[in-house]
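I've put the structures underneath this note.
Look at the two complexes coming up: chain A is in both, with chain B in one and chain C in the other.
Here is the complex of A and B:
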């Protein structure tokens, strides 16, 4: 019996998606939709409105009007008729995530910006989130009594947290981020299989409408899967990514199938949007790479940085941070690798002067005082306003 | 019967975590000795940062002074569970690397994001060569904070005094007092 079930499951898994079966997913919201203020949905919108006001001034928000405008333009490319209703906020959090609240408030985390390799991949996520919004997935999910229970628990934890999490008092209480994460129920990860698949389909059809490369949607998930596979945890840490469904493999298979159908219907070449995307996020690259290093997930981060390098993204900075990764990890052979990456970084205009300090530190620890001194001199020459000048000058007296 | 009631009352009172006043006599926290002024209160360990000895002047959410003492080579600043990958202290770390260690620990434990970091400079902690630095950060509660750290490695062990407070008003109010305390600091041989 179990063999039969398994065979059925396998057949279902490899079942091809026919072009005829690709029926367009239609929005369920009218433009300028406003819920009845006396109902549950109206209540949720009110909570979200307050959370959004606080989010606007959150110190975790990346304050870059040009980036906001760029992202909003992308939304307008994907869904011209609904774009005035969707607001987008970039949040400095080094994990892959995006969330959509039922009132059209979208959050994009910097960990996602770092991992999306081009405009098409980013747009696949934006389109996916738009799909959740226009198909009213969060409200549908809200109707589930079980979910109401967990929502109540969430709020209870939030209130108790202000008192009980004192031992982590830097985190005392739930932040507005978390309350708006409460739009996590609209997160890219938090829906059920049917809603996720529907949002994937919605996203990719918007990609095709906008003339962007649809095959990039599956590529994003493929590289994420590879990155998590490269994690060096003995026991894989349960992550949002893995706790989600549909399983990444199934998701990739479906997205590839949709892509083939949609591409065959296009009569023009699809765009990747590589240059515009890279230009827009390059100003935040150092912060994003630095936040990623601070997670101390070396296996995963190494994979990510090397794939950025392979794609030619900010080579000076990425080489520098690969150097940082090896210098900080301190496993056998890491020092030599770190030096190689620093030297490679020097070849590019966008290299960070801090790499001279890192090299100086490494030479100092090797008691190679002459080379250390030279690197520290270069560091101070390139960054005369360095706030750690006194400490560097102290290092330069060591061994003399 | 009276004894049982008394026992219950004492037990209940004992269960309440309370703050206690730090006197202006020399205070020894493991290997660190400091002499404070009379404005500090000991924070119960279940409320302290990373479970280490912590004091507050105006309330734990507004400011705190924590003592990370006697961190051995190969250990983390904050006790980590097996699943948590907190960065590890190595006895040969230079102050620049110790700053990285601290910032990464705060990022891992409290989702802290450093907004700006600076003024790393040498500092004598008692008779020992150490360092100090200041940084602005925001943790999970989204309150903009400023941190001031003084530390030193002695006998292969790391000792850190960590002051942090709400950037608005509270940091400046007590930082002078903190600097005075640090001037009195000594690390046991």
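Here is the complex of A and C:
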């Protein structure tokens, strides 16, 4: 068994990429494609239609027409031909993810908006999802799974027949079925992984066509890998056979190789689109940062927030939420760090008034009543409509 | 050993050909007749949630758009027939415009019933929770009054049906398995009809249907299913 694993691993690692050519991936859909309603695809589109209705009105959906329009414009930059038929939905989930349904319905999770550092990185993901749509991956995967599971069922009946008629030993039959089932699932997942690779390639192809900085695609995965490495709990090892996506380092390697071939033609600064991107998501920053804190995975969150700070993103809010992180985590040294971050946040225009409450509570804990009361008055002054006014006013009576 | 296997095999083959499958329904009713407060009794007929699929040899469900659309038409035609023969009047519910103030509440109520219906199906009739044996307290809550105001109807009828049909490959497999004395399930029809009193949000009448036969793709057979589903609906 270990020889099999070794052989598989070797085959996976040694995959040369032709340095001279980049075979373009072509779309497999016509524009405004509508499937035949009598087939598999028609049925899947019907289900997707229901899912889209649910998604439109979902409480998880962030309904910001300006953000939607901005994202849609990016999609049109990448594929002016197909963008009219692609719908984008921003979903409030603090994880790095985007999905594409076979009928052109795309989801972007807020965790992805928070982690992408510029338009090029965001577009790399948008392009990847567009690749899934234009190459009909979901439909192909369904057909593939259907074929393989049916084959396995027939095999089961065949083996059962062979055993029943005495042509095969029962234990041998069981082993064959076990291995076949394992292979079936491994094959189904491998097919999916091949699609993910193809979508990566399509994405970077679209980036290059749009004149965007192609090296950003791999950079996005590098920073994501660094974030996962900073986790403060042991992450399970991704399965060799059953992963849905190729390993990040394989994706990074391939994306870098593609980028070397298709280098950007636009002026580097412009193609990063930082200003427009930051402006569009700034109104959602507080929600996104607060959702990250609520995950209580402080190792990763700390890495992410430090990285945002280093890039100068929303310094008032990021400092405040770093304060929150340390205040909630309560490990050695966190108390002092929290106070530090709150004080730092005050210096910036985009700080949140809630920081005064948190800071006040910390000073209260230290029995530093003068400073505590000062924070609480600032809190109430900046947030006159505060719903916890009575409690804060009670805090202000303490220590007198 | 071989003889009894042989007997079982014969029985299964014959049964798969001859027996057309049985349909069972289980019903709950907390009212014997409708008690409307509005002058003319109307029941809001909610968009029918029906999906037909092929059951593949490997056990996957492949949804079919044309079949589902045909089934929806047949169900509506059958309901029209029922309207004529019984003292019932249905008014078709229209999903609200996005611009409507109450749009999001109405959409949520419809989706809520999707969840409530599934809960009843699963907990009362399939898994049969002991705590729900003599209790039927499912409700959409008092917000349902918003739907009553929007539809001008005191009651709403929800219909949910999922029907699967064995593919050619699966039928072959069922036959082959029967030869070996093993029964493999074919397509199933599962669904419910649920009547909600929009003044309180309570589910006042519920009919659960499970069948291994039935075909919603043709009007005559679909009518049989709908008649069974709406049997003893209070008037």
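What we mean here is this: the second predicted complex is superposed on the first by the 318 of 400 C-alpha atoms of A that agree within 3 Å, B and C clash if a C-alpha of one lies under 4 Å from a C-alpha of the other, contacts with A are read in each partner's own complex, and residues count from 1 in each chain.
Heads up, the rule we're going with is that a residue touches a chain if its C-beta (ideal position, glycine included) is under 8 Å from a C-beta of that chain, and two chains touch if they have at least 3 such contacts.
The structure displayed is predicted, hence computed values, not measured ones.
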Contacts of A:365 with chain B and chain C, given as first, second, both or neither: first
Dominant contact partner of chain A by residue count, chain C or chain B: B
Touching partner for A:283 - first (chain B), second (chain C), both, neither: neither
Which of chain B and chain C A:43 touches, first, second, both or neither: second
Partner chain(s) touched by A:390 [first = chain B, second = chain C, both, neither]: first
Touched partner set for A:330, first chain B, second chain C, both or neither: first
Chain B versus chain C as contact partner of A:357, first or second or both or neither: first
Chain B/chain C common contact set on chain A: none
Residues of chain C defined as touching chain A within the complex: 5, 51, 53, 56-60, 62-66, 68-69, 104, 107-108, 111, 169, 173, 176-177, 179-182
In the complex, chain A residues that touch chain C: 37-38, 40, 42-47, 54, 57, 142, 145-146, 148-154, 157, 160-161, 164
List of chain B residues in touch with chain A within their complex: 45-49, 51, 60-61, 64, 83, 85-87, 90, 92, 94-97, 100, 103-104, 106-113, 115, 117-122, 131, 133, 138-142, 144-145, 164
Touching residues on chain A, where the partner in the complex is chain B: 58-60, 92-93, 166-173, 175-178, 233, 235, 237, 291, 293-297, 328, 330, 357, 361, 364-365, 387-388, 390-391, 394-395
